[in-house]
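Okay, so here's the structure we're looking at.
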């Protein structure tokens, strides 16, 4: 990305630190959203303690499907962005 | 004489902050989710009945269990 | 919590200030979520001005129930966390 | 010669920032909620009709009323 | 607003910079919420590529309606706030 | 001898940060939206089938198209 263009070395270093922090914070939030979604989709029975024999594998499948879905979505998004930038001529 | 925190400490504080924010974000999502699943949207009473209380307790337990399980699946150790 | 371990006095002070700020900001957001939820659940009629005689007590009950629910959820969460840390042996 | 803001001012700025963020968060939730309650998801027109306009006005009034009421209930002064 | 009362000149300048940053960040998030809402309401068919002849004008109308709605909501909110402050006697 | 970044650079960094946060916010909303529209809530399989994959690809394309279109409408250049 062209974000960091025209910065001094010191600023670039600070910018990279910021970038890293944002990525960690982003992935922690993604983890929490993933838990929320799979819990919501898979767990609806509170008549007994602990995840049931139906809920447990549902969560596993949900997580795996979600991760594959994010991967595919991310790859496609990069592709579309690259095509846009090529079309814009830079 | 630099009075700013040393880089190592700085990142220790940032890591602590991020961990706290993550726990707080997880906790808030859990509260919302369990309220929706166990209490609903009617509000004809201002007290929780005992079925709702039991449901909330189990919901918290299951949510934490699910949280740990997601980590295991992501680490490929299911 | 073991978060602040290994910090200098200065850093601990800064950390506590940060902690306090996060708690204030968190409780303000909680307040807003509570308003949003109880408004959503209780207010659906816009044929006249002002909260109606049905909507008003519904909001009161909703708030009271939500606060009790957060209390219970928080207490249970602390219990589960403590049990986990005991099981992890620290 | 410390040029950093005095602690009192610092916290004054932080308090102001937090108040603004809280108002902005409340406002955004209100806009979303009232749009959903009054306008819906059809979008066959690009103008608001007068029923939608009246609904939005009342929704804002009621939302602010509800916001104040929640504070009263939380303070135990209902 | 009475927020910035009692600050030094330096602090007021810093506060204004902060205010400006918050407004930019707020309007970027509003843009993203608008896209999410109008996409959700208007796009439900993935049997072919690109926005369809039905989806395209739906998004236009949705955006225009949403912007008018935000304007009206904002104006009414200012009115209600002003009335409250007048009633509180300041 | 002021070691703080010059105002111009400072705002360059802040602008970069805000642009990144905006892209990340947009991306996260897109991932959630397309997952809900294309995959649903059943989870009887742990793999995406080919219909879901095609749907996700088209959803991303359409989402970016919608994102651009919203900007055009807001700029009054529809």
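Remarks
Letters A, B, C, D, E and F mark the chains in the order given here, with residues in each chain numbered from 1 onward.
Keep this in mind: a contact is a pair of C-beta atoms (placed from the backbone, for glycine too) under 8 Å apart; a residue touches a chain by one contact, two chains touch by 3 or more.
Predicted model, so just to flag it, every value in this text is computed and none were measured.
Following the contact convention of this document, no chain is adjacent to both subunit A and subunit B.
The interface holding more C-beta pairs in contact, when C-D is weighed against B-C, is B-C. Compared with subunit A, the chain whose C-alpha mean position is the greatest distance off is D. The interface in D-E, A-B or B-C that matches E-F, meaning over half of the contact pairs are the same by residue number, belongs to A-B.
If each chain is reduced to the centroid of its CA atoms, subunit B and subunit F end up 25 Å from each other.
Separating the CA-averaged centres of subunit C and subunit F is a span of 29 Å.
Chain centres here are Cα averages; for subunit A and subunit F they lie 11 Å apart. In subunit E, the residues that touch at least two other chains are 29, 33, 38, 40, 42, 60, 64. Multi-chain contact residues of subunit D (touching two or more other chains) are listed as 21, 38, 59, 61.
Touching chains close into a ring; read starting at subunit D and passing to subunit E, it gives D, E, F, A, B, C.
Of all residues in subunit A, only 21, 24-25, 28-29, 31-36, 38-40, 42-44, 46, 48-51, 55-56, 59-60, 63-64, 67 touch subunit B in the complex they form. For subunit F in complex with subunit E, the touching residues are 14, 18, 21-22, 25-26, 29, 33, 37-38, 54-55, 58-59, 61-63, 65-67, 69-71, 73-74, 78.
Residue ranges of subunit E in contact with subunit D, taken from their complex: 3-4, 6-8, 10-11, 14-15, 18-19, 22, 26, 29-30, 33, 37-38, 40-42, 58, 60-62, 64-66, 68-70, 72-74, 76-77, 80-81, 84. Note for the complex: subunit B touches subunit C at residues 5, 9, 12-13, 16-17, 19-21, 24, 27-28, 30-32, 34-35, 38-39, 41-48, 52-53, 56-57, 59-61, 64.
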